[in-house]
Amino acid sequence: MAERAPLWAVFVLPAVLVVVAVAVAGLDAVLAAGARTGRIGSLRAAAVHAVRPGREVLRHLVQQPRRTRASDLPLARIGAALLPVAAVLAAVVLPLGFRSVSDLPEGIVWFNAMEALAWAAVWLAGWGPNSALSLIGGYRFLAQGLAYELPHMLAITTAALGAESLRVGEVVDAQAGLWFAVWMPAAFGIYLLSAMAMAFWGPFDQPVGVDVAGGAAAELSGVDRVLFLGGRWLLLVVAAAFSVPLFLGGGHGPLLPGWAWTVLKTAAVLAVLVWARRRVPTLRMERYVELAWVVLTPLAVVQALFVAVVVLNR
Amino acid sequence: MGLVDGLPMADRADDRDGLRLDRLHVPLGPVLTDWPSGLVLRLTLQGDIVQEAAVEAVGIGEAVGIGEVVENVEAVDQATTPPASRSPFWDEPFLLAAKGVRVSQGDAARRLCAAHLDSLGRFFAVVGWGDLAARARFARDRALAGTSAAELTALVSPVIRRAERSRTLRGLTAGVGVLSGEHARHHGVTGPALVADGDAHARMLVWLEAVGRGAATVDVSEALDATEEAVGPRGRIADGATPASQGLLDVLPCLLDGAEFACARIIVASLDPDLDEIGHVTMARTHHG
Amino acid sequence: MSLELFLLPAAALFCIGLFGALTQQSIVMLMMGLELMLGGVILAAAAVWHYIAPATSEGQVLVVVAVTAMALEMAIGFAVVTALFRSREIDMTDMAAELKE
Amino acid sequence: MDVAVFWVLAVLGIVSGAMVFRFDSMARATFSLLASLLCVGGLVVLLGLDYLGIVIVLMMTIEMAIMAVFMVMYMMNPAGLMPMTMMHNKKGAAVVCGLVFALLAAGIVLAPWPGRRGRAPADPTMDLGMSLMGPQMLTMMTLGMALFATIVATVVLATRRGRYDRLGDDLRATRADDPVRGGVGR
């Protein structure tokens, strides 16, 4: 069982998440800049590109905020601010090594509930500015949510089933021998897909897609924009990091201490996601939803059934 | 229908699903990222479904010619520039050859290849594949800068390979904006869209194939045969005839009908009409007449 | 804190919901009233479980039933609105009542 | 601490519940209802039912987000740009609700509530699961059947097209004739 972290961890957690998110955004920016020629180029050029997300943040912070006509500014504000808050709240149950800020007895359900707050957040941010394109972005995230949530819930339930507990600490403990990713590969794969989908990032970036000029984020400016797009990166980091205690054995591993393994595995998952993003175009939900419901959901049910049978005969 | 804060309220109309939902009139263009510049589509949206689409300000020349109100400052600026300086960039070698100027086959292939790479860059960006879009655009810039056939082939072949092999891309663009050859011919479409005889994915494949073929021949120095009918990146180029892009614009409304917003963007990108062509021809006509 | 303290807000939510369900013309808004009423029921059930019979699980089961009822009510409600809207372009209770005549 | 949390959640829940019927804008009304129900979830957690409280938060967030879409679809003037009232029989309803609340409150205050019997189990979630899969199995099965029936009923009610529309009169079409093509390639 995970130990309780000291109180100061509450304040450190958001800072750590922001640092990791900035690092991932920097890596993504380097890869995006290298995409033109197919090469990353010199180290120096890479460094210039890596700090670009940081520069963007500063630029938006000093920028004069825009307003659209007949907008519902409070709602858009709430939406933009809710996203990073949801990400940090979800991260409360994330163990670093074997310690999390609060190892709630229903940690997995908690994570799921907090991640669902993003539904409301994105829709609000899309609705608030009273602009057709951003509202389309908001709608798209709800469609996306309906598509990814069903197999996603079944996948995380499968991990809880394997550990016979909803407590994240116990899920980690149950993987001291064999990682869940090894004997629940379908659930792990589905989880990785939904990790990108819940952060509406990479192949699932339709809600903020290029074709709707930024979608839900199109009309946000200034602090709101930083909060919204920053919250999206935080959500990605948290979603990717949560796959480590769920499927990749958490802090378990030879030689290194627990926290180092958690960091390594999280970095690996994030690297895979950032790489995968460059390989595929954006998935449109009217196509993906059929795949999710007709293929992924039954697959997840079969996986859960298999795990249930194994657990019963253990 | 009332006005609130200077904005019209939505009214209702029949829709695809028989719900008679509110509809919203949204003008798209003329300036939008990864959008054929100058094109204005008047969309009637219900949710994100295009219920009706009208190509309104077709090119700058025509818009001014029929006395349209041009709201866009940039458009006005362009419209006031003399027509001679605004010959459609992508058709240039073919138009010159038609006028009797000696143009090498290599130069024509280079421009054609670059034009398709330009269209592909827009197409990949709209389907959300930023990586491939960046590569296609890099190859386009190199092609226009006058790189050799070997280098250009090395640049475009990974793009072609990845786009052709991507099953995700096929799954996502298959069945989007199906334009049968018959329908295309009826509207006077002559270019890749006619050859493709199918959906957005088929049109992309035609572009890719043309890019691969063109990249290999950019160094050929023999003169372009002026007697032969010139076929530019958008289709047949004949002096005084309807430009190829006009056909593409004519098929747009019926392809967009009932499409979702994302699909509508893909359809526009996969046809990629060149508004300069239309402006040029209209200008030429008013000039002669 | 006591049972009464939890039951009073539950009763307040129930009555606000009742007011909404009785007054609203729009079917969707009416459903919002029903949701609020069920919210009150959930709160009351949880309070009774906590203060009267924590050892048994009936209180919890009642909450589960109420939550499911909320979801069902919502789903059926939207389906009915869609069907009405499609056939008669109606989204108001008054207009639906007139259909009978 | 618990007392403070209780008062905050209770007051916030009631106020946002009342605001549902005061806002003009449907988006605001929906999310005000969400706030109210999230407060209910918080109070349920406060009562020691962590699992059910979090599940309420999860379900209500998703439900309200979807509700917002239906709101915008089917309501005239969803943004509340033109103030309008869509109420009938306001006075009568207010009287009825006032009476009901007075009755309930009187009952709550005056009723001789029995004392606490037994102690809460260490893990109420486990308790709930055990009882749903054991003595309350019938409830669980009924709920399951009700959910399934709802799925079928909603689809039947909401859709206009049946299989004959999709697959032709003899159901032999290889590819369904849908306005939007799905992703599995059938």
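A, B, C and D are the chain letters, set down in written order, and residue numbers restart from 1 in every chain.
By definition in this document, contacts are C-beta pairs under 8 Å (C-beta built on N, C-alpha and C of every residue); 3 or more make two chains touch, one makes a residue touch a chain.
For clarity, every value in this text was computed on a predicted model and none was experimentally measured.
Asker: Using the mean of all protein Cα atoms as the middle point, what chain has its own Cα mean nearest that point?
Answerer: So the chain sitting closest to the middle is A.
Asker: Quick check: more C-beta contact pairs at B-D or at B-C?
Answerer: B-D
Asker: Can you give the whole-Å distance between the Cα centres of chain B and chain D?
Answerer: Their C-alpha centroids are separated by 48 Å.
Asker: Go ahead and note the Å separation of the Cα centroids belonging to chain A and chain C.
Answerer: Averaging C-alpha atoms per chain gives centres 33 Å apart.
Asker: How many angstrom lie between the CA centroids of chain B and chain C, rounded to a whole number?
Answerer: Their C-alpha centroids are separated by 53 Å.
Asker: Centroid of chain A to centroid of chain B, CA atoms only: how many Å?
Answerer: Using C-alpha averages as centres, the distance is 36 Å.
Asker: Which parts of chain D, given as residue numbers and ranges, touch two or more other chains?
Answerer: 55, 81, 160, 180-181, 183
Asker: Among the residues of chain A, which are close enough to touch at least two other chains?
Answerer: 70, 130, 139, 286-287
Asker: Find every residue in chain B that makes contact with two or more other chains and list them.
Answerer: Touching at least two other chains: 4-5, 7, 17-19, 47, 171, 260.
Asker: Could you list, by residue number, the parts of chain D that touch chain B in their complex?
Answerer: Chain D residues touching chain B: 73, 77, 81-82, 160, 179-181, 183, 185.
Asker: Going by the contact rule at the top, pick out the chain A residues touching chain D in the complex.
Answerer: Checking each residue of chain A against chain D gives 70, 72, 75, 78, 104-106, 109-110, 112-113, 116-117, 119-120, 123-124, 127, 130, 139, 142, 145-146, 149, 166, 286-291, 294-295.
Asker: Within their complex, state which residues of chain D touch chain C.
Answerer: The contact residues of chain D facing chain C are 2-3, 6, 10, 13-14, 17-18, 20-21, 29-30, 33, 36-37, 40, 43-44, 47-49, 52, 55-56, 59-60, 63, 67, 70-71, 74-75, 86-90, 92-94, 96-98, 100-101, 104-105, 108-109, 113-121, 124, 127-128, 130-132, 136, 139, 143, 146-147, 150-151, 153-155, 157-158, 160.
Asker: Hey, which residues of chain B end up touching chain A in the complex?
Answerer: On the chain B side, the touching residues are 4-7, 24, 26, 32-34, 45, 47-48, 124-132, 134-135, 137-138, 158, 166, 168-169, 171-172, 260-263, 265-266.
Asker: Which part of chain A faces chain B closely enough to touch in the complex?
Answerer: These residues of chain A touch chain B: 32, 35-38, 69-70, 130, 132, 136, 139-140, 203, 205-206, 209-213, 278-284, 286-287.
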